[in-house]
Amino acid sequence: MIQMQAFYVFLGVAGLLAAVFVYTIASTRRARDLDYHTAYALRRKLLYVLLAVLVVGLGMTLAKTPYPRDKDIPEQVVFVVGKQFSFGISASPITNDDEYLAATYSTPVQVPAGAFVEFRVTSFDVNHGFSVYDPEGHLIAQTQAMPGYVNRLRLRLTQPGRYRVLCLELCGSGHHRMRGVFDVK
Amino acid sequence: MRRDSSVKPPRSRTMRPGLVVFVLALAALAQAQQSFGVPSNQPPNEDFYVYKQIPDVAIETGASTAMRLSKIWSEKPLLLTMVFTRCAGVCSAFLRSLRAAVSDAQGLGQDYRIVVLSFDPRDTTDDMEMVAESLGVKLDPNWIFAISSAAGIRQVAAASGFWFQWDPSAQQYDHPSLVEAIDRGRVVRMLAGTNVPRASLREVIQELRGRFVPSYALAGKVAFRCFEYDPNRDAYRLDWGLLFMLLPATSAVLAVVWAFFLHRESPPKPYDSSSALIR
Amino acid sequence: MASNAVVLFDESEMIRFRRMTVIWGITALVLLPILALLGYFMRLFQSGAFPQIRPEWFYAVLTLHSLGMVGTWFVGAMAGVSFLLLKYTRPSLAVSKFSFWGTLLGVVLLIVCTLGGLFGTGWYFLYPLPLMSQGVWQPWATLTFFIALAILGVCWTVWTLDILRSIAQRYSLRAALGLNYVFGEPGPEVPPLVLITTVSLIVGVAGFVAAVIVIALFAARALGVNVDPLLMKNLTFFFGHILVNITMYLGVAMVYELLPTYAGRPWKTNRVVAIAWDAVLFLILFAYFHHLYMDFAQPQWVQRFGQICSYGLAVPAGVVSIFGTLALVYAARMRWTLASTLLFLGIMGWGIGGIAAVIDSTVEVNSHFHNTLWVPAHFHTYYLMGVVLMILGFIDHAGKEISGLEENPRRSKLTVILLLIGGYGFLSMFFWAGAHSVPRRYAIYPLEVAQGTEYARIAVLFITVLLLGVLLYLWETGRRCLKALSA
């Protein structure tokens, strides 16, 4: 899970930084003059190491975005409209409030497992956050639902089960109970 | 329904009024057969047809009498548009705007080809060649002008939300204008309207090339975007939004000019640190 | 001494300035526990402690707590920096007073519209939410909110411009930006405090102007103009990102200025320091793009540029400021007091929060962390355990200097331990929850993310420890400040 990987990277680097700070505090027990040459040399090393880490990090991650350059054509489109306070999710376009309400209360959209799906997400009022939680409750993807724009989120969902949609952009007093749902079979 | 009905009228004289009625009924039926789909004031909505399979119908071009659409799209993606040659309305203007947008977007031949299909059963391949000539693309092998059977036309129309209705008073078909981007037999984009905006077609070609466009703006009156599409010039122009984005940094520069050049006494006077009252 | 040398302040003016600084310090020390208690309420709410209270209250308190904290530490940093600048320049006492009254008025109006009007948009009041409350808050609350913002914005912009003006009286632009050091030319000595303040406040002007434009466009929307939501989002996050980051940089500037006196070593501007902070001036203008990764409508090159700039900001921070702090203190004859300990540990918190921020500024990671509790995790880290500690360190330092009251080393040690354990424990629950997909800004957690409730309960325990530390600090330093007021 990418979240846990990121968390452990954070823990490692932050722990290292904290250790260095603790070490520095301890070092003041035996005071001596600072050797500036050594310090500057160390700083230069730190600069190179940090630059290397950042450049490698950029190289590994800059190309990967949620807006993929896929050559595959999605097999299915799922239309999503966010509105205070539910997500209307439907296999057919949602063009007005009635269709949004129908989509909110209808049976969940079925997506074939392994199918390449495109979610077309917009909002009818304020900014919402369309987020996809897999059957185990992990956040696997998200995009903003902005009024006046349609964001296209492409996913290949292999794990069958019920997927939940939670709102990830504060949209009012019902923000925490704003949901949607679809099934992967 | 086959256009060329093989029902023969009865020969008996006493059946003549019935014959007239029958012929009239047939004529009416023939007219109805010349219409397809549900007319609408709105152009077809891409959302309803995107990623759907286009039926692999048999078509006929000037070069070949027996070809299938799949042969064309299996080699390269294609742009498909439907017109009729006796059109006195939008068809030629639409085709001209398509040609302009295509030459602007480039990639014709390498990345995609164009199929102009007639939905009028009366059109022949010669008629289509004349349209090609008038558009100036008769010799361009990447512009494919084709006709199909009535059944084939209906199948393609159904898969793209295209409709056409015969208007007897004008002796013309009423129909929307649209061009669809078809990749491996599936509709990936659809542009409908009276003309083909160059910027939109560029985006469509990008998608055919495999570059995904992750978002698009909905039509509607929105103020202060960074770039706003100007339909008159068929291009994007700078809008107020970009000015608003540049204003903060510009203000910071102005503040610096004010503080460091306009407001202060120059040159800055050195201060007497012995009189500073803080350690 | 040169005959045309200028004496900065006479004694009575100096005393008045010190008084004003102490008043600012006390203001921050009064707002801190109140706003912290609001935060306590929020985490308690999320732990399920108040099932009978409507969630509208959570969102109103969220708005007040977040804006209040952002504002409190901004003015705290500004007050600290303008006090330390007295050694080099002459900021205007009148402007400081003007800002003080304006800030008080703005805070009062904020309290009225949130606790009185249930205005609950969160601190970044994302367009068009303030205008679409579904009846929870009335138009008067929205109007009051924007008036409060306008008042605060005007005062703080004037204050920012005044400090820039005061720096300009003593330093040319070239000097103030450290360009003499960068190009190796002769020039006056420029303390890092002046360099960092100049960089931060130039950028700050841009941020405030963006806020002005946002408020004006909200007015346009109220009059019926359908303003582009993407533009509003860009302007809002440009403003917010800058305001929060310059607050931290001003705190760091105070550390550059004060920590050397405790370490018995100098920390002067040199070529590397100047290059680092000039780089910050550029990078910070574009790093804000990392708030809009999940807006696919932004051009893709903008997203990637945002990641590059966000990563880039780690270099001056890590290599110059953090390393510089460590080198300053390493094996030094360090006077460890409450103030110096807080200043030193504040840099550590700033660094740790920064690490979490850089990780989140990776687009691919952001897909999984955006608007989860990872976001408050990282900004509470570099605020609460970062700039807040720095400012609390400064207030203690100034309070001690002016009042002359000595500190109790054992109490100081206990304060620091309580703050660290309570603070980092509270933060760890945010990070853990974010790594487990718990969304942010949820009044209560639905079944899908029920683990959030558990984590909130644990966080509450740590906040209790943290609050004990805060109270102990307030008792010690508050007394010093009150004594300093009459000094």
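Going by the order they are written in, the chains are A, B and C; count residues from 1 in each one.
Going forward, contacts are C-beta pairs under 8 Å (C-beta built on N, C-alpha and C of every residue); 3 or more make two chains touch, one makes a residue touch a chain.
Small disclaimer: the values here were computed from a predicted structure and weren't measured.
Taken chain by chain, the contacts link every pair, so each chain touches all the others.
Here the largest set of C-beta contact pairs joins the chains A-C. Chain centres defined as mean CA positions place A nearest to the mean of all protein CA atoms. Spacing of chain B relative to chain C, judged by their CA centroids, is 51 angstrom.
Computed centre separation for the pair chain A/chain C is 26 angstrom, with centres defined by C-alpha atoms. The distance from the centre of chain A to the centre of chain B, each centre being the mean of the chain's C-alpha atoms, comes to 34 Å.
The set of chain C residues touching two or more other chains comprises 226, 228, 230, 295-297, 300.
Residue positions of chain A touching 2 or more other chains, listed in rising order: 66-67, 148-149, 151-152. Residue positions of chain B touching 2 or more other chains, listed in rising order: 214-217, 220, 222. Against chain A, in their complex, chain C makes its touches with residues 54-56, 59, 120-122, 126-129, 132-134, 136, 226, 228-230, 233, 265, 272, 294-297, 300, 303-304, 307-308, 311-312, 314-315, 318-319, 322-323, 326-327, 329-334, 336, 344-345, 348, 351-352, 355-356, 359-360, 362-365, 367-372, 374, 431-432, 434-437, 439, 441-446, 448-449, 451. Contact residues of chain B toward chain A in the complex are 45, 47-48, 50-51, 183-184, 186, 188, 210-218, 220, 222. Those residues of chain A that touch chain C in the shared complex are 2-4, 6-7, 9-10, 13-14, 17-18, 20-21, 24-25, 27-28, 30-32, 34, 39, 42-43, 46-47, 50-51, 54, 57-58, 61-62, 64-67, 84-85, 125-127, 129, 131, 133, 137-144, 146-149, 151-153, 164, 166-177, 179. Of all the residues in chain B, the ones that touch chain C in their complex are 214-217, 220-226, 241, 244-245, 247-249, 251-252, 255-256, 258-261, 263-265, 267-272, 274-279. Interface residues of chain C, counted against chain B in their complex, comprise 1-2, 4-9, 11, 14, 86-88, 161, 164-165, 167-173, 176, 188, 202-203, 205-207, 209-210, 213, 217, 220, 225-228, 230-231, 234-235, 238-239, 261, 285, 295-297, 300.
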